[in-house]
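As structure tokens, here come the structures.
In what comes next, subunit A is part of two complexes: it sits with subunit B in the first one and with subunit C in the second one.
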Partner chain A sequence: MIELQRVSRWYGQVIALNDVSFSLQGGITALLGPNGAGKSSLLKLVTGQIRPTTGQVQVLGKQPFANQWVYARMGYCPELETTYDDLTGREFVNLMARLAGIRGAECTRRVAEVIEKVGMNQAADRKMGGYSKGMRQRIKVAQAIVHQPQVLILDEPFNGLDPVARRDMAQLLLELAGAGCGILISSHILYEVEHLTHNILLLHKGRLLAQGDIYTIRALIDKHPHSIVLETDKPRTAAQKLIEMESVLSVALNRQRPFEIKLETHSPERFYADLPDLVLQQGLQIQSLYSPDNNLEAVFNYLVQG
Partner chain B sequence: MVDIVLYTSALRTLARPGRLIWSVLLALAAPLLAILVKHASSASHHPVLDPYEHSLHLYNAFSSLMIFGFVLVILSVLSSTGIILQEVEQKTIVYLLTRPVARWRILLARYFASITLTTAVAWGSTVLLALGTLGIGGFTQAPVGRDMGVLLLGAFAYTSLFLLLCSMVNRALIPLVAGLLYGFLWETLIPQLPGNFRAISLMSYIHVLAPHHVNKANTDTSGSLLGFGGTSGSGFHITTALSWGVLCSVAAGCLVLAILVFSSREYVGRAEGG
Partner chain C sequence: MKKTPPPVLNAQTSPIADLSYRGYNGPLKLHAVRWWVVALYTIRRARRSVGFWVLTGVCALSYLFHALGFYFQHNLSSLSPSMHQVFAQTLFSVMNGSLNEYAVMGIALLLGAGSIAADNRANALMVYLARPITRTDYLAGKWSGLFLILYSVIAIPSILYCLTAMTAFSDMHILQQDHWVFVHILLAALFPAVVLTSLILGISAWSKSAFSAGALFASIYILSNTIAGILGMVLFRKQPDKANLLSHCSLSGLMDAFAQRVFHFNMKQPMLGRGPFAFTDTPPVLLRYSLIPALVIVVLCLLAAHQRIRAVEIVKG
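Now for the complex of A and B:
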């Protein structure tokens, strides 16, 4: 779907992207990184607004710069807040649909459909100049999906959305991905995309720090202790036995939560393999077991902070 | 279909209420001033010997100085910068550039929208000027039709020239200032210089096609009063055929170059967010 081969992009003396390579097939992929990481530059390359200084960008097998074939199959929701303020939301989406070659009754139907999907029915006939940030965001998503693209690129689409709108937007993106649309979504707020996908691209200072499944990436960081929290009916017995396990580095009881044990392991896979035996031998009841590290925030912080 | 959508949306952008008010004021400026001067002359103690000659004189003077020398140039500059660079500065250009439409079609549609606005205002101003100075009776005797044709050609030439300039930068201020300097300094001063200098002024060619003699007895040098040279008299002779050739060549050549530049340039800057 999207492929970058050794792509670098310079703006004068400033490097925005440095030797970035990756290949995305489908589903939802989150492009993560702090402000200034190069996310927007990467999306501009993918959407053919700019060319790489070196390397090659391909979308659906073709270079995207000023490529109508690619644009017919790609939807793009830019980060910018400015829109055509003198147009209504419906007129804007209609204009974008017609520029995508959709005509007549089909155009009217599709515009109405996407406006409903993004929850803008009530405000669609108001001038966009009076829209809130969240409304602009939703109408921008509507114009990006009106021509039913195969690839959807969204730059910080959750910006300005209230919690309900975020949930609805996430649901819409999951529906689109379920229907076969490949989605690349950028964000600097990790929890926003965490519930959408486990497939990430992590950028920092123009470099691709990590790519792939969030849990796989986390597992690769074996030199960094991996935290696991388990809740059991016999926490002291469990703690005593857990510390004897070779894969466990430390065990801590929680005074506020007396049934909870937090442990650190350098080898999560081995720990998870050994745990069932321990449970059976000691007759432990495990109420819950989770890793607080298995979230994007932890991986992001760890990778970025080195 | 897409071309019509692009053209109408560009025209709508150019004809926003704020802009439209200024365009209407520009269109009204020459006729209103001419009517004022006409009435002032009538009320003066020096009687006008030939009222028709006087009215024609006013028409020629105001058409040459204000419509050709001001309205045409300023509207060409403003609408050329407005059609592309305003969107580049507001960054809304991204919506156009990521649609399945060839860039040359986007530029061409906006080019024609710009010419439509410029020509409509200049034509409106010309018609009102003729009516205001010559009245309905003298309207047919004034060179209104000729002037409207030359204004259209001038709009093509100037818009192409300024569009080329706009396509090469990402900031509206640069072509705006350059365009205004070109229009009001270059095009005014260059035709006044001795020798062949006036050959590098578009206005010299425009005024060969639409000479506005303020005095019928002095047809060769009449334009000098208004800052526009005649057809001869300083070494370089500009013929009508040459004028057509130069203006058409500038219009076509600059437009082709602008399309080439617009099709290959990046119009988004360095990312500010991520």
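Now for the complex of A and C:
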């Protein structure tokens, strides 16, 4: 779907992307990175707005720069405000549909359909000048999907959305991805992204820091042991036995939560395999067991901050 | 064990992926006419502007005013060959007279100043140019939309005026005097519409906001008119030929020169230091003196605009 081969992009003396290579197939992929990581430059390259200085970008097997064939099959929702205050939401989406070449009654039907999909039926005929940020965001997404693109590029689509709208937007993206539309989504709301996909691209200072499944990436970060929190009825007995396990590096009791034990392990698989025996032998009752750093935010922090 | 659930594949919880998603395969417009979508939206947005209708009303008023003036002149003076000259002069005034000229300039400023500058500022070019249209399509759309508006505002009152004169004063045999009068009107209206549209779009593309584009356009227009007019009047006594040429070295002067050439009549110019009602007849200048500078302005402005149209982020603040 999207392929970058040794792509670098310079702006004068400043390097925005440095020798980035990856290949994305269908589904949702999250593009993550702190400010200035090169996310916007990467999206511009993928959407064909700029050319790479070196390397090759391919979208649907073709280079995207000034390529009408690619544009006709790609939807793009930029992060910044791109709407006209004096047009209604419906008119804006209609304009974008017509620019994509859809005409006549089919255009009207498609516009109505996507407006309903993004939940803007009530406000579609109001001028966009009076829209809230969330409404503008939804209209921008509507214009991006109105021509049924094969690839959808979304830059911070959750910005300004209220919790209900976020849930609906996430649902819509999952539906699109589930039905076969490839989605590349840039976001800084890690929690939202984590609910959408486990497939990430992590950029930092113009370089690709990690790519792939979030759990696989986490498992490969040896520098930071995995934290596991366990809640049991006999925390001191459990702590004593847990520290004897080879896979466990440290155990700590929590004064505020007396039934909770926090442990660190360098080998979570081995720990999870050994745990059932320990529970049976000691007759422990496990109330909860979870890994607080086995999530996107932790992985993001470990990779970016080192 | 609490663990983030894997993403579901579709809205229903079916483990089987619904691969029903298809790219759009309905009817598509030909790529060659997509610029028309941009033009159409430019016209639609203009229709909503109150200022546009006020200025169009001024153009209509100019038509009524001149038609009335011609009616009185025709009825008060006996029909003479000079009446045809008066008709040509009035027709010219309907198209290029001060009132009309500034109204048309106002429309160009109102609709054109923000045409590209506002799109740039609103980051709309990012979504426009992510569609299957080229920069040329976008510019062609913006240009044609504004051109059609200006052309209509100039040409329609002139044609109406001509039709009124032909109907009311059939004794003048206007068509017999000038078989090509309608073609001449359409031709003369073309010149200001093309020049003004190209100039304002060129300025708009290079401006940060509609306001700065409008201010620059108005300054160029008014200052060039004032300076050329004053120089023309000052030089008139010593070198009338050069003065005539110099008085056309402005945007308004170029349009006047072209219209004068198309309608073949002498224009009345004020004479400095000879009293407020002292005018002299100035013959039309050669066509190349109006066409070449106009062509240069149009080409430069369009190239500048094309160069500047890019999908870049403009961060406000």
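Descriptive notes on the structure:
Keep in mind that, in the parts below, the second predicted complex is superposed on the first by the 305 of 306 C-alpha atoms of A that agree within 3 Å, B and C clash if a C-alpha of one lies under 4 Å from a C-alpha of the other, contacts with A are read in each partner's own complex, and residues count from 1 in each chain.
As a working rule, contacts are C-beta pairs under 8 Å (C-beta built on N, C-alpha and C of every residue); 3 or more make two chains touch, one makes a residue touch a chain.
Just so it is clear, the model here is predicted, and its values are computed rather than measured.
When both complexes are superposed on subunit A, subunit B and subunit C occupy overlapping space and clash.
In the superposition on chain A, A:112 contacts neither subunit B nor subunit C.
Look at A:194: by the touch rule set out above, it reaches subunit C but stays clear of subunit B. Of the two partner chains placed around the shared chain by superposition, neither subunit B nor subunit C is touched by A:253.
In the superposition on chain A, A:290 contacts subunit C only, with no contact to subunit B. Judged by the touch definition given at the top, the superposed model places A:149 against subunit C, while subunit B stays out of reach. When both complexes are overlaid on chain A, the residue A:84 reaches subunit B and subunit C alike. By the document's definition of touching, neither partner reaches A:15: not subunit B, not subunit C. In the superposition on chain A, contact of A:180 is made with subunit C only, not with subunit B. Between subunit B and subunit C, C contacts the larger number of subunit A residues. Of the two partner chains placed around the shared chain by superposition, subunit B and subunit C are both touched by A:76. When both complexes are aligned on chain A by C-alpha atoms, subunit A residues 40, 44, 47-49, 66, 68-69, 71-72, 74, 76, 78, 80, 82-84, 86, 95-96, 98-101, 103, 143 touch subunit B in the first and subunit C in the second. On the side of subunit A, the complex with subunit C involves touching residues 28, 40, 44, 47-49, 66, 68-69, 71-74, 76, 78, 80-84, 86-87, 95-96, 98-104, 106, 110, 140, 143, 147-150, 171, 174-181, 194-198, 288-291, 294-295.
Every residue of subunit C that touches subunit A in the complex is listed here, in rising order: 1-4, 6-11, 17-24, 26-29, 31, 34, 37-38, 41, 45, 48, 122-124, 126-134, 310-311, 313-316. For subunit B in complex with subunit A, the residues that touch the partner chain are 1-2, 5-6, 9, 12-13, 16, 90-92, 94-103, 263-264, 266-274. Those residues of subunit A whose C-beta lies close enough to touch subunit B in the complex are 11, 14, 16, 33-41, 44, 47-51, 66, 68-69, 71-72, 74, 76, 78-80, 82-84, 86, 95-96, 98-101, 103, 143, 155-156, 186, 188, 203.
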